[in-house]
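Alright, structures below, take your time with them.
In the two complexes that follow, subunit A is the common piece, with subunit B as its partner first and subunit C second.
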Partner chain A sequence: MGSRGFPVRRTLTGYAFLAPSLLGVIGFLLVPVLVVIGISLHRWDLVSPARWVGLDNYAALLDDLAFWQSLLITGMFVALVVPAQVVLGLLTAVLLDRRLPGSVVFRTVFVLPWISAPLALGVVWRWIFDPSDGALNAFTGVRVEWLSDPDLALPAVVVATVWQHVGYVALFFLAGLAGIPAQFPEAARIDGANAGQVFRRITLPLLRPTMFFVVVTGLLTTFQTFDTVYAMTQGGPAGATDVIASLIYREAFTNFRMGRAAAMSVVLLLLLITVTVAQQLYFRKRTTYEVS
Partner chain B sequence: MRVLVVLLLLLSGCSIAGGATDGDRTTVTFRLWDEQVAKAYEESFAAFEQRNTGIDVTVQLVPWADYWTKLPADIAAGTAADIFWTNTSNYGLYADSGHLLPITDGQRSGWTRSVVDLYTRGGTLWGVPQLWDSIALFYNKELVEQAGVDPATLTWNPSGNGDTFLPAARKLTVDRAGKSADQSDFNPGTISRYGFNASFDSQAVGWNFVGSNGGTWQNGDAFDYADQPKTVEAIQYVVDLINKHHVAPSAADTNTNGDKTLQLFTQGRLALFQSGPYHLKNVQEGAKFRWGLAPLLTGPSGRVGVVHGVAAVASAKTPHREATEKVLSWIGSADGARPIAAGGFAFPGVVAAEPDFTEYWRQQGVDVTPFRDAANGVTFPAPVGPRVQAGATAAQPILQQMFLGRLPVPDGLRQAQAAANKAIEP
Partner chain C sequence: MSRRIANVVTYLLLGIGAVITLAPYLLSVQTSLKTPEQFAAASPLAPPSPVSAGSYAELVVGDHTLVPPLVITVQVVILVVLGQLTCSVLAAYAFARLDFPGRDLLFWVYLGTLMVPLAATLVPRFVLVSGLGLRDTFWGIVLPTLFGSPYAVFLLRQFFRGIPTELLDAARIDGAGHPRVLRHVILPLSRPVLATLLIITVVAHWNEFLWPLVVTSSERWQVLTVAVSALQSQYHGNWTLVMAATTLATLPLLVLFVLFQRHIVKSITITGMK
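On to the complex of A and B.
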């Protein structure tokens, strides 16, 4: 890396190559975030002129019961979805990695839910859970009102969401597994480790970077789940599945309280940044093994 | 962050642009949500353009699912259509914030009175009536004949005195073993055919019962139902039809699936289906049995049904007001309104075009008089106010729980009313 030539020009060339994605980041990420922060400081119903209210929208969130309730539900939703999809995804990846007959077909089948439109899948799941004519109740022969019972609706949406994500998670673990050189587990086995020990002491630690990626992206997408909930329950029954994105949507586009909705979005953004940073610190403390 | 992106798109105003003037031709844009009726408008505007060679009318179709989120966004961005459809729950917001042109057309005496009333706010008329819906009783002729029920004479009463409707509904509800709900060994767990479509459908069911019992729903723009004994009594009666008498499908089936009762009716699994002319074409296409229309059920205060209307309103920001007003005037005339009526799509807002609608359905073998009678009788006002939609959305999850039988009716109404009135605060 010699610094001969024209550093300024080199830097500019570098930025020129970055420009397309940089424009994307600025136009579709940075600007919207700033705009939302701006809106959150106003009172605006879209059709009347916006009025500056300072931090009023944030203050109002403090004693907005629906907002806290929704954060709680989102937290429960994330706590159920993310561990389940990571464990099931890992399990699926390990099984697919065995290269049993049909592995290739299954690999494709597992990813199908991920590439399908969540809204369409939500409609299908709503039909599966339909109390009178649904597939699930017809199969079990017991009438359960899955999506109308406040105790069952959230678990039902969790099942649909996990099912959608598992294939995607498995795909990453599969790539992670492929990156582990065969001699490591082999050496361990020669030293007398059994299959369980190899998995716990060799495979899992070496999968840590994948684990980090899968957990972080899983948390981020799950925190913002909207389509599946919208299609299956619209936040009901009695607000039992009213996750934060669903509440923000309603506040903005049914109640036309743009300022409030923007303030909620900003809080969600801060929350997600906190969670991500915390995770990064947690995973950084643990050693990651460079395998190359 | 999807929400952020949506907000950005909305600010950047990426939407269909409003009308434009090109040389000596002016383009007026017209927006609606109904694909079927859009065809009727195309026909109507073709005739208009022949008479007014300087004006083009462009029809924009925005599906219902996006209509009420796209409209305010476009109005905020200044890209709304010159003329657009609206319903009663949404126009108040735009009228109150000065986005609409007042209607001063001299033809108004020829428009459907009840729709004109719905769109009059603060003494000013804000929309040209385009179509209207009232409520009547669709019935499956084969099922009512088998059960010996005359659907035209049914009367309900919360006190039980002279209630002929409930016994009829019980006779029409049948379980898998073929036992009807008025028999002692009827099994409510395995119902295969329902008597009536009691459900959380305010326009077709709830408000008609409230009105026919002498109850009210709103006081001014505020919701005021929880402390109206007649209203509570009527809603209790409807909820009991589902959870106590088992003559209607469970709310778990109907709460979030607005088409469920229509499907049940067209499948022959529902005998009496109280609904509006907006379902005429669905029933006509879907039902493989003989069916008919009877008047709305009679309650203690008679037959008081909901009349709802769609109107066309004009944007106050239109750059070519004169051409826009010409188009408004055309769709408020009998000739302009005729394609909607003659195609059987809806009762037109112009009274003189009404016979075309009646005639279309007469040729299909359907007598739509019950709808006309309901609109001409005592009617129940559809809710209004600038934020009435927000109020309804806030009340919805609570009322749904109430229909499921998870909340007692008086508590449910009280909680729903409190939530709704909190939501309509600006």
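On to the complex of A and C.
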């Protein structure tokens, strides 16, 4: 609160600095949220004029099996990916944190998938899982229809997604581990705790802020997965990998049912807000961390 | 003794992890160096003999050249990086160092928008950009992210607040206006966080796929990811060509990463903590 100019002048200065960014936030984040609600109350194919239908699109979603299946698949996808990448990321971080010679090289290798386009990696995994020309079946010698079997396609996409995220998650845990003062585990060890006890009782509780960050960002990104699915299966076979972002994309830009896609978007938005708020409440009770 | 066993197990597990991480890259590069005939004749795991650069020639000077998408992608990334950093720095300065009515409320709005997923705003963004007459144009790709991201503003604000007030007050007393304080005091001190944002923004926009896919329809404005995806669906089964394309699309960032490895790893973790 250093400067004491005229209030009007201070206000103008503040908004002048804020203006370009505010334009973007209003124009491409806030207005779209309002517009998407508006579109969801219409029937519209982008060509003929939009027609007001009230809540019909939402009512139709209730009876729409594909939509419910998509929500279920998204839920399963998130429930498989997030715990897997958190556990593997933590394990990787613990191994790297022993700081044996060469750890830096391993760390570099593990982060590579995070740097690469999910779309391009999805295409690579599509080839790996290809039944006749793919690397995996050639390696095992057994022909498995990974991506065209409805029971195997989702696990295959999960593997590709977890593979992409583990190193990135590990980096955060590594930073979290580095922040734990060495006295704490040492004191416990002197008191006779074994390695497992030290990890469970000392290290894990102290990693809670990191855990919070990793779980929240993991959920938010995994809920919106699109590129990997689009590259590997396009939502198939028989909708087995049709996560919500993939369904919205197809409804809007292949079937041109904008109203319906907008209604789905609103549901997705509400879902994500609920999940985020619930998590904040859950973790806030158990963590102290600073917002400002 | 037990320490020795622990070390062996550590290396073993890290080694397995490294093999699993690298295998998809190495296998795709290996495939990209075969001719389609070699690929069809032997196991997908067989090394190329002889090595053939035919697929790459095809993608650089041939009918399926990826050079125009590469140029578009580079332009998009440069513009978005410049736009985002400039707008976010200005906004973060206002939030961190200026006092004006509505500031805290607006900051909470910014934080709230972090929850808005791209998938949910895809339809209205498309409608807005089409309304501006920018569907299937270069500016249509760039515009929605040009004005900075709330995330960047958030990060920068945290950093700016950590700079000692005395430094800024001293500059103000010497008669420096806000723009000068920002340029000559804050920015030089903020190099680490600016480097972080630079890296994150470059990676995010080099790899961006969904929005360019939606907003462009002609080949002319294809970015790299969209071009690779189009190639994949058009030449489904022609894996030697497709793997060369994915290699070309990922290689530039991988090279940058290995060069600036230490810096990037530090950057990624700055963003999450504190």
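Quick note on the criterion: the second predicted complex is superposed on the first by the 259 of 292 C-alpha atoms of A that agree within 3 Å, B and C clash if a C-alpha of one lies under 4 Å from a C-alpha of the other, contacts with A are read in each partner's own complex, and residues count from 1 in each chain.
Definition applied: a residue touches a chain if its C-beta (ideal position, glycine included) is under 8 Å from a C-beta of that chain, and two chains touch if they have at least 3 such contacts.
All values derive from a computational prediction rather than experimental measurement.
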Q: Figure out whether A:Gln279 sits in contact with subunit B (first) or subunit C (second), or with both, or with neither.
A: neither
Q | First (subunit B), second (subunit C), both or neither touched by A:Thr108 | A | second
Q: Considering only touches as defined above, state whether A:Leu174 meets subunit B (first), subunit C (second), both or neither.
A: second
Q. In the superposed arrangement, does A:Asn255 touch subunit B (first), subunit C (second), both or neither?
A. first
Q | Most subunit A residues touched (candidates subunit B, subunit C) | A | C
Q) Of the partners subunit B and subunit C, which touch A:Gly239 in the superposed model: first, second, both, neither? A) first
Q. Is A:Arg143 touching the first partner subunit B, the second partner subunit C, both, or neither of them?
A. first
Q: State whether A:Phe213 touches subunit B only (first), subunit C only (second), both chains, or neither.
A: second
Q. Which partner does A:Gln197 reach: the first (subunit B), the second (subunit C), both, or neither?
A. neither
Q: Report for A:Asp45: first if it touches subunit B alone, second if subunit C alone, otherwise both or neither.
A: first
**Q.** Shared subunit A surface residues [contacts with subunit B and with subunit C]
**A.** 28, 31-33, 35-36, 39, 126, 130, 133, 224, 226, 245, 248-249, 252-253, 258, 261-262, 265, 268-269
Q) Which subunit A residues qualify as touching subunit C in the complex? A) 1-3, 7, 10-11, 13-15, 17-18, 20-25, 27-36, 39, 91-92, 95-96, 98, 100, 102-104, 106-121, 123-128, 130, 133-135, 138-139, 163, 166-168, 171-172, 174-176, 179, 209-210, 213-214, 217, 220, 223-224, 226-227, 230-231, 244-245, 248-249, 252-253, 258, 261-262, 265-266, 268-269, 272-273, 276, 290, 292
Q) Which subunit B residues qualify as touching subunit A in the complex? A) 1-8, 11, 68-69, 72-73, 75-76, 93-94, 97, 99, 189, 249-253, 255-257, 387, 389-390, 393-394, 396-398, 400-401, 404, 406, 423, 426
Q: Name, in rising order, each residue of subunit C that touches subunit A in their complex.
A: 6-7, 10-11, 13-14, 17-18, 20-25, 27-28, 31, 39, 43-45, 86-88, 90-91, 93-95, 97-101, 103, 106, 109-110, 113, 115-128, 143-148, 150, 153, 161, 165, 168-169, 172, 178, 203, 206-207, 209-210, 214, 224-225, 228-229, 232, 237, 239, 242-243, 245-246, 249-250, 253-254, 257-258, 261, 264-265, 268-269, 272-274
Q: Would you tell me which residues of subunit A are touching subunit B in their complex?
A: 28, 31-33, 35-36, 39, 45-48, 126, 130-133, 143, 145, 147-148, 150, 224, 226, 233-239, 245, 248-250, 252-256, 258, 261-262, 265, 268-269
